[in-house]
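Sharing a structure, written as structure tokens. Questions coming.
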Amino acid sequence: MQEATDPIDAPRASSLDLSADKIHVWRGDRHVLRGAGFAVKAGELLHVAGPNGTGKTTLLRVVCGLLRPEQGAVSWCGRPIDAIRAEYQAAMAYASHEAALKSDLSALENLRYSVGLKRRVGDHELRDTLGRTGVAACADLPARVLSAGQRRRVAMARVLAMRAPLWLLDEPFTNLDSKGTALMCRMLEAHLDGGGLALVVAHHALALARPIRRLELGE
Amino acid sequence: MQEATDPIDAPRASSLDLSADKIHVWRGDRHVLRGAGFAVKAGELLHVAGPNGTGKTTLLRVVCGLLRPEQGAVSWCGRPIDAIRAEYQAAMAYASHEAALKSDLSALENLRYSVGLKRRVGDHELRDTLGRTGVAACADLPARVLSAGQRRRVAMARVLAMRAPLWLLDEPFTNLDSKGTALMCRMLEAHLDGGGLALVVAHHALALARPIRRLELGE
Amino acid sequence: MWTWFYRLASPPHVYRTAAALTPWFFAVAAVTIGYGLIDGLAFAPPDYQQGDAFRIIYVHAPSAWLSLFAYTTMAFAGAVALIWRIKVGYAVAAAAAPIGASFTLVALVTGSLWGRPMWGTYWAWDPRLTSELILLFLYFGVISLRQAFEDPARGDRAAALLGIVGVINVPIVHFSVYWWNSLHQGGTVMRLGKPEMATSMLWPLLAMLFGFMCFFGAVLCMRLRGEVLNRERQSTWVREAVKP
Amino acid sequence: MGGYARFVWPSIGLALGVLIWNVWAARRHHAQALVRARRALAMARSEES
Amino acid sequence: MSIGAFPAMRLILRRELRLYFRRPDQLLQPLVFFLIVTTLFPLALSPRLSLLRDMAPGVLWVAALLSSLLSLETLFKADAEDGTLEQLALSGQSLGVIVIAKTLAHWLVSGVALVAMSPLVATALAIPTDAFPVMFASLALGTLTLSWLGAIGAGLTVGLRRGSVLLSLIVLPLAMPLLIFGASATDRAIGGESPAGALYFLGALCVFTTSLAPVAAAAALRITLE
Amino acid sequence: MSIGAFPAMRLILRRELRLYFRRPDQLLQPLVFFLIVTTLFPLALSPRLSLLRDMAPGVLWVAALLSSLLSLETLFKADAEDGTLEQLALSGQSLGVIVIAKTLAHWLVSGVALVAMSPLVATALAIPTDAFPVMFASLALGTLTLSWLGAIGAGLTVGLRRGSVLLSLIVLPLAMPLLIFGASATDRAIGGESPAGALYFLGALCVFTTSLAPVAAAAALRITLE
């Protein structure tokens, strides 16, 4: 428990920025994203909001590079993400709608094998991180038996442990109890204070003590 | 759109009640439920709350009869639910953590084949119900392509269309936008006004214009 | 009548009765198996066709019978438990399965070893042999199905059901030699009235058979006690019984 | 054994071996159940106090 | 209040068929498997192709059994995974109704299709046309019986992590008599002998399982759904 | 910043192996299937059991091919369904690394186990002990080749709804030469002839696929992940 916030790769931290420009995506017959765009700098958070089914998740998948838009491009530090794939992915932590846990592996093992691909990390530190998200007791239970909120907290710990400067979170408050929601907010604050960036999809206002940029989809 | 609220089987509506007494459940080595109990009458709502992993979902599964508790029993109108299984199930609508939709069937078909087992119902009425939960446009899309919130709204429509006097809802506000949340609250009000009962698991306070009974787990 | 029956089948009663019966079963089994082995291996005359190879019968036939008997016991106990909700039945079924499986294996291996000198091959795809192999698969299925459940109560019920469904195989094993023309020889002992065997060969065989049955009884009782303990861990009588 | 020793003795050996294994396994089974029951008792006591 | 058992059965049957036809792969999977296994054999035997004709009934039946078994695995599993099995179980209908409807649907799409495709395979395996009627009858009876047996196995293993191996371990031993009589009926028909005995036996097995398996499979589901 | 390709491969390999051993059924599934298919054949052939010996290599190879193929289906599918494949793809490691690690893990648990169990099955099929070394070698090479081929197929079909049929359709034609030469190598060894030609061919196939398949499979995965 040496560090209170996660130190992010220092040298680049000041010059980081993420932008998307005129993104168009069709899904089946629906023109889901019609020219969405934004720009976020180090220390900033973008709150993506909008009614159900207006393309928030779709936008996040475009930003993390899982979906190629029909038009438009996403850039990281000024370069299109397709050109710097490996570097961009190393700098990014994505948490999707589902917790993305292997149900037969314990919470700790799940973290070990996913965070471990991004950076060298020991079990001790991962246990600490699980403790910080309030699921230390579940570290050795198979993910299959965890409750919905516990799974979400493990996914939260994964994002934390990756120490990535860019967080892409899809409805991270889902299934969390009130303490969990407050914890998530504190984590976001600390991340931004450390020079990180975050894109957060959420239906409710975020209770952060700083101005928040907002992208409203589906008007 | 003939009816504004769903008419519930009139004759019994006044005498309905659901109670659970000293429920004990072990999960693995954990004694998850330690003597939980409650009683709800027609027109009442029980809000089940508590931190993550304290057994709210487990309790709901016991109440709907999917899980047999090691000790204790659940009674519907004074009789244990095991003894009147078919009758109890006909009077109950359960919405679990997941939306429980077949991803290859359209939203409408999903409703047709699940609501259809409880009562004779036409596609026209089901379309109406989908409209009331705001997903009329998705009626003919396969559930696989729906967004998280849209799936949840379809599940909501299923509960509504079953016209059951007893609703058991596990975190029904998940993934819903603010309009969806308000809609869900209105639906609950109407259901209770019509003499229905409801058990609702939720992490946030319910914005209903009536006194709510609360069961706090995990003290 | 029913209350009497339920009391008889109550876990503490079964636990004590099994403990009391175990040494008697063991004693009888030791005497008869000892006599059977010595008489069968040393004193019975060699078969005029098979020579000394026939002596394998003294372990082959009893274990083969036992494999069928244990399966029937298991299925019957499971049925009793499922139908009348007598929980001890599950314990009996769980206790019988591994014993039965082990004797099925003995029957298969000793049969193979006997087959080599008699038929010139260790294995043939003969109805009796195949159905006995299926019996082994069924035992494995029942055992692993029980273990596959994290909740022991559900595992018990599922295994009991599979045991009942699979009991259909027992008559197939037994009658296969009559229904199909088979390499394997038909009944020699069970054919009442017309024993095909010299009495000097027959007595040790009967002794072994009886001894194996008693042995089954003894081991079943021991395992049964373990199973009952496992199932009743939370009850007060077990707490009294195991108080150190 | 009239030339059949290599078939007869392994058979007898296996059968005796399985008899012994059965006794050993059954005893161990019961012993483990006892241990587990005692552990449950100890846990119950510590919870009560 | 809730609808009767027969309309419920019809509704579930329709749901199942629609699902199968929505996913043509589930429909085609057993057929393709059947085709592939039967074509692989001649290839593997290429040095001794003369054997093919004698083995044909065996190959045919093994392929039919395996392909039917493979598709049985998902009988309840898919529904269990997406939560719809819970909804079915809580629908107020008895589990027996659900089991019967689902199993019949499975047989309609796997068994019947298999029978329909068997002439193709049989021709490739050099089975004479005279033997086709017997082959049809035996395959139809055999696949139906297998569907029932499989329903029991699938019910017992649904929700288990070790499900799929256990399913084969449970069902195949029970299905072996089927295989023996099915293959021998076809074999006798090819040889010009009377297959009546084997066919009667298959019929008896089919009647037997049809009457008992729904009860057993419903009991299995009740145990595992808990 | 991110770890190198080799440690990443080791990490994924360890993850895979742990997952297989956590789910013994996935581990046992191909083996049990292999055993059962080889048991079914003699039963189905019971009227003409004398053929068994001549068919043995064919039965062995078809069973091996099918059981290996069945377990290939889940190579990427399980990860795709629970969302962990996305996480892997976004881990900053190249897809090639992921493919190689996963395929090797698959071969280690399915191919090697199959080779280890083949003597048992071979004995039951009356294959003489002299032919075992050739059988081991041909099965080892064959299953590795098949794993690579299967990786391409699995990469192409993951995420497609029509996955499994396509997988068989894609992989099996590619696997035919494997089957023919594998069976003929074993057959020749049984007959006491020299299996060298067939074995060389198997070896060449194995080298060829080992060098090209990872690239192809990664490309396939990239197309379907999108």
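Each chain carries a letter (A, B, C, D, E and F) given by its place in the written order, and its residues are counted from 1.
The rule is short, and it goes like this: contacts are C-beta pairs under 8 Å (C-beta built on N, C-alpha and C of every residue); 3 or more make two chains touch, one makes a residue touch a chain.
These numbers come from a predicted model, not from an experiment.
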In the touch network of chains, how many steps separate subunit C from subunit E on the shortest route?
-> 1
Set of chains adjacent to subunit A and to subunit E | B, F
Can you name the chains that touch subunit A as well as subunit C?
-> F
Does the subunit A and subunit B pair touch with the same residues on each side or with different residues, judged by whether over half of the numbers are shared?
-> same
Taking each chain's centre as the mean of its CA atoms, the one lying farthest from the centre of subunit D is chain A
Please compute the C-alpha centroid of subunit A, do the same for subunit B, then give the distance between them in whole Å.
-> 31
Centre-of-Cα separation between subunit F and subunit A, whole angstrom = 37
Subunit C and subunit F have mean C-alpha positions lying a whole-number Å distance apart equal to 39
Rounded to the nearest Å, the gap separating the Cα centres of subunit B and subunit C is 50
Where subunit F touches two or more other chains simultaneously, the residues are 23, 43, 45-46, 161
Touching two or more other chains - residue numbers and ranges from subunit D | none
Shared-interface residues of subunit B (touching two or more other chains) are 28, 104
Those chain pairs meeting the touch criterion are A-B, A-F, B-E, C-D, C-E, C-F, E-F
For the subunit E and subunit F complex, residues of the former touching the latter = 23-25, 28-29, 32-33, 36-37, 40-41, 43-48, 51, 54-55, 57-59, 61-62, 65-66, 70, 161-166, 168-169, 172, 176, 179-180, 182-184, 187-188
Complex contact set, residues of subunit F against subunit C = 39, 42-43, 45-46, 49, 52, 123-124, 126
Of all residues in subunit F, which touch subunit A in the complex?
-> 1-3, 7-8, 11-12, 14-15, 18-19, 22-23, 79, 82-84, 86-94, 225-226
Where on subunit E is subunit C touching in the complex?
-> 152, 156-157, 160-163, 166, 169-170, 172-174, 176-177, 216, 219-220, 223-224, 226
Spell out the residues on subunit A that touch subunit B in their complex, using ranges where they run on.
-> 27-28, 50-53, 57, 97, 134, 138, 141, 145-150, 152-153, 171, 174-181, 203-204
